[in-house]
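Below you'll find the structure I mean.
All chains are identified by letter, namely A, B and C, in their written order; residue positions are counted from 1 within each chain.
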Amino acid sequence: MTDNPFPLSREELLKIYQSMRTIREFEERVHVEFSRGDIPGFVHLYAGEEASATGIMTHLRQEDRIASTHRGHGHCIAKGVDVKGMMAEIFGKKIGVCGGKGGSMHIADLDKGMMGANGILGAGAPLACGAALAAKYRGNGDIAISFIGDGASNQGTFLESLNLASIWNLPVIFVVENNGYAESTSVDWAVAGDSYVDRAAGFGMPGITVDGTDFFAVYEAAGEVIRNAREGGGPSLLECKMIRFFGHFEGDAQTYRAVGEVDEIRANRDCIKSFSKTVTSAGVLTQDDLEACDSKIVSLVDEAVSEAREADFPTEADLLTDVYVNY
Amino acid sequence: MKQNLIPILMPKWGLTMKEGQVTEWLVKEGSNISMGDEIIEVETDKIAGVVEAVDVGMLRRCIAETGKTYPVKSLLGVLADSSVLDSEIETFIEAYEIPDSEEEADESAQKYLFTEVDGLRARYADRGSGDSIVLLLHGFGGDLDNWLFNLDALADNHRVLALDLPGHGESGKTIPEPSISGLAKFVGKFLEAVGVPSAHIVGHSMGGAIAMQMVTEHPESVDSLGLICSSGLGPEINCDYLQGFVDAQSRRELKPVLQQLFTDESLVNRQLVDDVLKYKRLDGVDDVLRTLSAMLLSDTHTILSDKVIASGKPTLVIWGEQDRIIPVAHARNISASGGPSVEVEIFDSAGHMVQMEKANDVNRRLLNFLG
Amino acid sequence: MARTISYKEAINEALDQEMTRDKLVIVMGEDSIGGTGSPGEDDAWGGPMGVTKGLYGKHGNQIMDTPLSESAYIGAAIGAAACGMRPVAEMMFVDFMGVCFDQIYNQAAKFKYMFGGKAETPIVIRTMVGAGINAAAQHSQMLTPLFTHIPGLKVVCPSNPYDAKGLLIQSIRDNDPVIFCEHKSLYDLEGEVSEESYVIPFAEASVLRDGDDVSIVTYGMMVGKAIAAATILAKEGVECEVIDLRTLSPIDMETVIESVENTGRLVVVDEANPRCSIATDVSAQVAQQAFKSLKAQIEMVTAPHTPVPFTTTLENLYIPSAEQIVVAVRKTLN
């Protein structure tokens, strides 16, 4: 029996692989379905960024809240939202997690602590502060995560939230998922200053930058800041430098990227490939373990798609429901 | 000769009335007025009512103008014998002054009083003076202002207490023991709290049942019994009214319910409905009303009259012929079976709120009974 | 016990009683306590107009001062509401909503619908509205129509102390986002208010005056003007029915329609600017639902299509007056 050098058990590592792999399979499949023309509206895919979501969510319990971005599928899956319900939602069906009334950009499950993907960039930051405020007021040790993109990090809401979280000492972590592009605009051009850690420091807030394609780096850094927040140490900023495989939205030809850039990162900077390599070389998991996992996931996503396709759309009666609790 | 000049004044109905609007003169100048004749219709911010003649004479002058508002105790008209000269009447009118505001200030200081009974706030009114004490108990969903036309008239000759029962008016909005017996206990403790060993207890509707319960449990605290459209004399009660009162959420729903209380439905004006709605919306009131109405509806077969008759306590039963809440038949039954200690008086053209619709008649009859 | 207190005191009392009743009710706003972190007195301001004074002494950490950062703290209040708290956040002047409107109309208003019914966002946003104190263009608007337009928001606008207390308690107990509009010129208005806690349901307009000749429908500070106009007109033998809408979303059109079906004439008075306002909304609905009852054209009395001017002479011309209402009523009678 080989020694396990990782801070996680074999079972936990398998779960992590499963989570990342599910996100990848889900997103790759949505890409295919979208290109068939069967998914309405906008979708923004998380493929390539799995280590960030999973590295953070592994530290969370169901009661901890997350506020996501427009690119929320990965956050949802890592937080435990039902995969089939998500797929049905993206297809706009009544059995979707939001009854078909939110879609990809507003996918949410409050029961799982997922406060929603958000169509308004930066809007999640104050909401996460609110969740943290509630946790602090109740004294239950819960925390909140505000996921934000490199582009949205320029929004007033984000900067105001850094200030508010600092002065109120809120148990919230601001995770800047820096994939280098705000839609088509490069982070180098749009974001003033050399690093996000500097931005946080401007508010007296501690910050860390990690390689967002390295699960273990994310896991370790996240563990530190989350523990600190739970113990009343206040907010932190965690920058995950990563890459996205797909465009800003499905249909984005990505002409703003260098020729061959996407191929190169798929080949050399795939966080799942590097995770697999790391755990199998250490002998803690085998290739068979991972492949067994893979085939289950492929079936799951496949079923999710066929069930979503079969399911009914919401009806006229559903149009007018749930505007208010009561009116 | 001033004795022959009788002023008709704006009355004070209830504790908060400051002024009233004259809506109609019911008699013309020059008519002969008898005792009890209806002279002027007046509307206050709480209710509409009629000023009745308390003397005989000729209506020599109608001073008040229709549509105008006058403070309480304003001179509205003058009754005088036909032999009295016009000039004397003019002199009287000119000389008339509304009584001192000092007296008014004293009165308003005594408007509503508060005490604590069993840890619960209790609001009450205390008017008049003397050794003979009358305690007025309102009914379900009411408050001490239900007696607004009766308080002052009775206070001429007696000390009059009127209590807001728990859950009602401005008393605390919980009922520790939601039963007639529990409420009777509360009233008994209230009397102790204000240092009154016994009183003539006059109860309206559910208040009557409470008064009867006090006779059976603590007869020494009851000098005599006044039962006005009282519950507890028979099993029938208008369930729709009770349920409607409890369930109504809006003016639209409540108005037709309240109209059942009166023969003259026009008495249920917007202000009255709004006041009841404001009460129903206070925290705690909905629970109180639901609990009490359930109790009243399930308890219809507890008839208290037998015990009361057996006690021999002097009892006056007053009813409105057109009572739509508790049938007037209950009054007729006790009239038949009550024996010498029970007197019964039924007034026509009056409903469940007979003490309002026939206030002067009821006051006269009560004063007569109380001695 | 009912006694006379001011509109401002009634609001303070509603907050105080609800904070006592339910520890999940938290109050926040700029200077809501006043003096946090400063060397002088605690509870220095109690809000810019003193409405929340004294709450800190009684309720401690249930009330908090916020930085000058509406997006963040209004958004935080909304996020906390979505997590089961019952926040009452103050957006000091409704004119400031531009800096945080997204959190209100794209987030709070839409959670329940977008998330398929699972979310509940029981937030109350208290805000000062209206003109009359020379606060000029950026501190005097009546922006109620911008909120009533948004599905998912409720909008409340009391005109007197009794209504202010009951409607604020109702707003706090309500499970939807409520914009609670306090007219800054009414803070010192006095009225009878019970000491006890009570509620007033939404979508129940108040008929303040019965009349058979014309229906005057309005809300907020305009209620007093409408009553004044009705008093003037009564001397001419014209009896006006005055209706105070109290809540603008949901709105009690039933009472309005019932009144117009009786009178046949409608004058709507609205302190907001004339395009796409409460006045146009009510007028259109009446025209659609009670057209056959109308004996004359509907008249609207509103502020002009201008920002709010600073100087007193102009501000007085800006705010609809009782005289203008009288003129409008007379037009319906010609």
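Heads up, the rule we're going with is that a contact is a pair of C-beta atoms (placed from the backbone, for glycine too) under 8 Å apart; a residue touches a chain by one contact, two chains touch by 3 or more.
Keep in mind that what you see is a predicted model, and the values were worked out from it rather than measured.
Asks: So which chains are sitting against chain B and chain C at once?
Replies: Of all the chains present, none is in contact with both chain B and chain C.
Asks: Could you name the chain whose Cα mean is nearest to the mean of all protein Cα atoms here?
Replies: So the chain sitting closest to the middle is C.
Asks: Farthest from chain A by Cα centre, which chain is it? Let me know.
Replies: Computed centres place B farthest from chain A.
Asks: I'd like the Å distance between the centres of chain A and chain C, where a centre is the mean of that chain's Cα atoms.
Replies: Their C-alpha centroids are separated by 40 Å.
Asks: Centre to centre, by mean C-alpha position, how many angstrom separate chain A and chain B?
Replies: The computed centroid separation for chain A versus chain B comes out at 71 Å.
Asks: Enumerate the residues of chain A that touch no fewer than two other chains.
Replies: none
Asks: Which residues of chain B touch chain C in their complex?
Replies: Within the complex, chain B touches chain C at residues 112, 114, 123, 170, 173, 249-251, 270, 278, 281-284.
Asks: Going by the contact rule set out above, which residues of chain A touch chain C in the complex?
Replies: Listed in rising order, the residues of chain A that touch chain C are 65, 67, 96-102, 106, 108-111, 115-116, 118-120, 123, 125-131, 133-135, 137, 144, 156-157, 160-161, 163-164, 167-168, 321-327.
Asks: List the residues on chain C that touch chain A in their complex, please.
Replies: Where chain C meets chain A, its residues are 26, 61, 64, 66-67, 69, 71-85, 87, 99, 102-103, 106-107, 110-120, 151-152, 154, 174-176, 203, 250.
Asks: So in the complex, which bits of chain C are touching chain B?
Replies: These residues of chain C touch chain B: 1-2, 162, 166, 194, 196-201, 204, 207, 210.
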